[in-house]
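Next up, some structures in structure tokens.
Below are two complexes that have subunit A in common, paired first with subunit B and then with subunit C.
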Partner chain A sequence: MTVVPHELVAGVLSETPDLSVSLMPLRGRFSLRLMPEGTDPAGEVLGFRLPTRIGARQAAGSREVVCLGPDEWLVVCDDADRAVIEQGVATLAASVPHALVDLSDRELTVMVSGSRATELLTLGWPRDPQSVAVGTARRTVFDGVTVVIWRDGETQWRLDVWRSFAPHVLDLLLTGCRELAAG
Partner chain B sequence: MSAFRVHGKGRVNHGRKVGFRFDGTPFEGLEGDTVASALLAHGVHLMGRSFKYHRPRGPVTAGSEEPNALIETRRGIDRSEGRVEPNTRATMAELREGLEAVSQNRWPSLGFDVGAVNDGFHKLLPAGFYYKTFMWPKSFWDKVYEPFIRAAAGLGRSPDAPDPDSYASRYLHTDVLVVGGGPAGLAAARAAAEAGLRVTLVDESSEIGGSLLSEPDVVIDGTPAWDWLAGEVAALAALGVKLMPRTTAIGYYHQNMIGLVERVTDHLAEPDPALPRERLWRVRARQVVLAQGALEKPLIFDGNDRPGVMLAGSAQTYLNRYGVRVGQTAVVVTSHDSAWSAAFDLAAVGTSIAAIVDTRAELREDLLGRAHALGIEVLRGHTVTGTAGRLRVSAITVNPVQSGAVGAGRNIACDCVLMSGGWTPTLHLFSHTQGKLEWDEEGKTFLPFETREDCQIAGAGRGLWGIEAALADGSAMGARAAEALGARVLARSHAVERDRTGSGVAKKELPTLKDLTSTRAFVDFQNDVTAKDLRLAVREGMRSIEHVKRYTTNGMATDQGKMSNINGLIIAADALGKPAPQVGLTTFRPPYTPTSFGALCGYHRGDHFDLTRKTPIDPWAEAQGAVFEPVGQWRRARYFPKPGEDMDTAVARECLTTRSAVGMFDASTLGKIEIVGPDAAAFLERMYTNPWSKLAPDRCRYGLLLGEDGFIRDDGVIARLAQDRFHVTTTTGGAARVLAMMEDYLQTEWPHLKVWLTSVTEQWATIALNGPKARALLEPFVEGLDLTPEAFPHMANGTCTVAGFPARLWRVSFTGELGFEINVPARHGRELWEILWQAGQAHGVCAYGTETMHVLRAEKGYIIVGQDTDGTVTPQDAGLGWAIGKAKPDFVGKRSLSRPDMLVESRKQLVGLLTEDHSKLEEGAQIVLDPSQPIPMKMVGHVTSSYHSQALGRPIALALVEGGFGRMGDLVHVPMEDRTLAARITGTVFLDPAGDRLKM
Partner chain C sequence: MLLITCPYCQETLPEAEFVYAGEAHIARPEDPSQVSDEAWRDFLFIRTNPKGPHFERWRHLHGCGRFFNAVRDTVSDRFLTTYKAGEPKPDLATLTGEAK
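Let's turn to the complex of A and B:
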């Protein structure tokens, strides 16, 4: 059976010339919720325009954001940037009703890349990968588990997975790596 | 060289021999053979025994519709028990080196089978035999009839070892899925691919090509069929078409979701162990083209199941695709032109055609001319009244029919009979879509009519005949699918020479001279259903085809009546004196062909069977030898046994240590929801029974959540972190449900509230410290918070650092002891746990699990939702009336609580129970008031929780009892299997009723 690292330490888990799966180091991560009228002021604080189309992304420096729902964004940042974001968004409290919740420890990120990365995802992902444009992301399901899948390039993907779901997801991805390597 | 192999013929590789064994005897076949074709090449037709009568049987087809030649195979290099597969169709099993095949349903041997005694008693085993025989006496059912039926039921032997192979699954999205790789499917794929669409073409066979594989003499656009096929397959690949041979479309589900099973390794002698054996594809196709072709029907005559009797088209396939003559001397029996070409093909390679027997009086001149030229005797307007031979057909009796009268018979010696009753479109997948059929009176068959799915039917699957017609229709349907997707393409047509089109008539069972009750004219070969059985069913009152099917089991075998349904319908309709469409056709259901459980399970077996969630502290518990239990999706440490301890002693020690010193508990699995926004308190006021608006931002409160019906759904401690921010905890198993319920109310009832809910269960690792020394253990690590009882009393919460980690620290207790819950970001959970564990050694710390947690909370009368409640318990019933905010105008469930039946005093109420003899009650045991009343006794409640209490030195229990609050001090009785226990009703708080231990 697959040995999935129990401790979930960042690093490469499987690598072949056409496919690599790695667990990424933890990053800062926030759920930002607010009403549509708050998008502009919140964007000013964060340094980019909040995208309003679901799945659309924006980035500025090391910060990036994806719109996951009509009133929901996921903000990813460097660990050191967390306090800055919290303080910045807190200045909106009086004017923009919102919720900012730190999720930096809720999820882990798995990177899947290589010419067969998209094929690997079809083992557990019911969606059509071609329907997810490069530079967008989707909250979706992988092997029965809620994930956010980011398409960073034609053959480069990221999966945000809840911490306790990660061994299950990694187990299937690594089984898939062996299956793909065999033919 | 095998006697029946035709050198140079077929698509098999004559240069590559493949060794295999059948019933222990070594055989040699060729690369490209199936088990059936390889055995036929050696003149072996006998491959199995039939299900009911144990009649000798050989292959009657060359494809997946095969009802007879079902064998047991052992796959893989080790051929272990777990790799045994019963009921493999020999006609589909590709030959591979070392394959071990065994015949079934015979003892002691295939040639001599004791079970064949059934055949002699066939008149005693009519349709409905079981229904009639196993009725009386009733007492025989359990001991005699059921075991007998079970022993007789089922064909083949199930392996009793786990399957060591792996199975895989994938999702696939495609614009056009073409099912069937014959001429219609190829043309459809070409048209759709040329329109620039994503196209997938699947075929169940080892090769793409369908009927073209059996028709090498056809010339398409001036190119011989097989050259054209190779070019076409290459062209499709170049156009980017995903070509999937060995892949069966097993089911057509809603909204163009099609299930495919790909056989990945079964045909390989030494498969790579990393490869799955089979792969299930879940395909979402924007358009589907069904080009499944047609299946040949047998003719129904006495003795039509003898080995050597097979479908003419299949004999043609064995010859042209596999290079195998199915016999030396053949008689062709047909009601359709297509069998004539089988006769001509076989004659050309030296099989003598003793006669072509056609039921029709009028025949095509060109066919007659060709037969004449080949010197083949033609018997027109004839019937067949019997066959002879024990393990192989040796002769056939044919009789002229004139004006409905059967004349004298004539025996013709032969070693094979090639029959054709015409062709039936393959409707199975179309039928899965709940598509409507229409009756084609001329062809005496059902054709696809309309379906709500985005689906086209092409070629023989909608009754078209001939390769040219199939190509043209495939191309048109491919173009139609493309057009439906907004692409434009011109349908092509192809010029086909030597296309052998034809027609025929559909027949009920052939006329005979014999008494019908003595004939054995099989309709369903796999379930041994004869024409006589179908007529008997009608005589006995079955009117609907659905009843006839169930009474006779016609079409109920694993082949799902691929060969028998239409013949069965024609005979039943004839017996009923009604037109066939009024009698109707039974429904085809997925899967199209038998499918392995492995393929359906895919990756979800063993460790990957289901998701198991583990906390960050779980690895520590595992290293400590904890015993785990599942709670919802989580696994939790149940207790931490020291060497030599069983659960009771471990739990007793953990309880004692926690009450006397300090215990550590991993509470990370508790559901956590962060509720944030200006209306956060207003939202909680509406959801929970308790009041929230006045809770100070550094305090916690126990929250009780009801359903609209007023019954307890969940509970948990809720901390107010700031004016607009709450940290809600839920039960471990209730987390997702509670969040969904809250979102439901927020989005549908109160969308105007400015509040948002976020699951933070996994953001935080939670360590509970309980016991009189909890503060002493924790205090040295805390910075930024004064833990003295005055500054940080029971139900306080604060933000601080613990051992340098940012923490949300609460003073709460689920044990009745001084307690703290430390929430730290999940990444630090394990490290903090180990730091506290180390420091705790000086305080005599223990780690405790869920079992000790249950005991400690029960001693205090704290409920567990779902254990002490069952969805019918109100807050008052549970003694939690104090948790209701009396002044609140509303909360979920409030109105239900004032319904009259919610207020009656005889409701079941949660009470304590103390047994008189100090024995421990069984959880779930029923409670009665009077133990001497007659059985069935009136039950007034049940035990919900029961433990041995170390602190009290006796067992304690909680129970729901009718009118329990009014029975304090009463004796009730708990009847057990061997004795009846008496127990006294008490309050639910057994220990420290004043709560002094909490306040330390």
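Let's turn to the complex of A and C:
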């Protein structure tokens, strides 16, 4: 069970009509590393085709996957699903060389949405937000911190942040919210 | 800010996602114990440090995580090309010809 400081409990952190920032409930997360030959068998076990284009996503039920690198994927799932995924992928141990690492305790997810969400992200994100298409995700940098940014809609974003960096990232986002609200 | 094309992501991205990782195409001697002290010193420390096109390694740290190679002009800071690790050195004459 992940223990998080009380100020990092899931819930709405800032809300205005055009911008909302909230911390999402904890989820199961895995890093999956394998060579290209392993994508088909691993996809069969997980219930979706592993995308091979960097940034591309797939989902099946509550499970989601994004391709982070040529041999690296991030799998997100419900907490109860963690054991199922672990056992499923373990059946490949003899046939598909791979590494599956449970990262659930490492990261939190912040949701940023609203008509000014993209503007808020530009505060710490050197990249052009329009280069991340809706329905894709990227590992990138946010104010010096490695994050995975998911674009769920035109103005709906999710940031996976390492727990130890979360106070820093949240501080910046909430300062940005106040700045934008002040006009 | 420099914009760098990652040959794995196939996207042109801000420098802040990348880190520099020294000169490229420096092969470690197969059998270090058979190498003379001078040759080992050269492998460890001696670099070309050119004024002009430089073959160098970069890593897409805040991204796909891959190391790749680049040719960057050390005078203008212009990237002439980037290519995947393990691919042969591109022909410099072609690159600098294109740059003009």
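Assume the second predicted complex is superposed on the first by the 176 of 183 C-alpha atoms of A that agree within 3 Å, B and C clash if a C-alpha of one lies under 4 Å from a C-alpha of the other, contacts with A are read in each partner's own complex, and residues count from 1 in each chain.
Following the convention adopted for this analysis, contacts are C-beta pairs under 8 Å (C-beta built on N, C-alpha and C of every residue); 3 or more make two chains touch, one makes a residue touch a chain.
The shown structure was predicted, so the numbers you read here are calculated from the model rather than taken from an experiment.
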{"item": "Contacts of A:126 with subunit B and subunit C, given as first, second, both or neither", "value": "both"}
{"item": "Partner chain(s) touched by A:179 [first = subunit B, second = subunit C, both, neither]", "value": "first"}
{"item": "Subunit B versus subunit C as contact partner of A:165, first or second or both or neither", "value": "first"}
{"item": "Touched partner set for A:33, first subunit B, second subunit C, both or neither", "value": "first"}
{"item": "First (subunit B), second (subunit C), both or neither touched by A:80", "value": "neither"}
{"item": "Partner chain(s) touched by A:9 [first = subunit B, second = subunit C, both, neither]", "value": "neither"}
{"item": "First, second, both or neither for A:55, with subunit B first and subunit C second", "value": "second"}
{"item": "First (subunit B), second (subunit C), both or neither touched by A:141", "value": "second"}
{"item": "Chain touching more of subunit A, residue-wise (subunit B, subunit C)", "value": "B"}
{"item": "First, second, both or neither for A:68, with subunit B first and subunit C second", "value": "second"}
{"item": "Subunit B and subunit C footprints on subunit A, overlapping residues", "value": "72, 126-127, 131"}
{"item": "Interface residues, subunit B side, partner subunit A - complex", "value": "166, 168-173, 272, 274-276, 282, 284, 603, 606-608, 611-616, 619, 634, 674, 676-678, 724, 754-756, 758-764, 825-827"}
{"item": "Of subunit A, residues touching subunit C in the complex", "value": "54-55, 68-70, 72, 126-127, 131, 138-141, 146"}
{"item": "Subunit A residues within the subunit B interface of the complex", "value": "1-2, 6-7, 26, 31, 33, 35, 71-72, 93, 97-107, 122-131, 143-145, 162-165, 167-168, 171-172, 175, 178-179, 181-183"}
{"item": "Footprint of subunit A on subunit C - complex, ascending", "value": "1, 8-11, 13-14, 16-17, 61-66"}
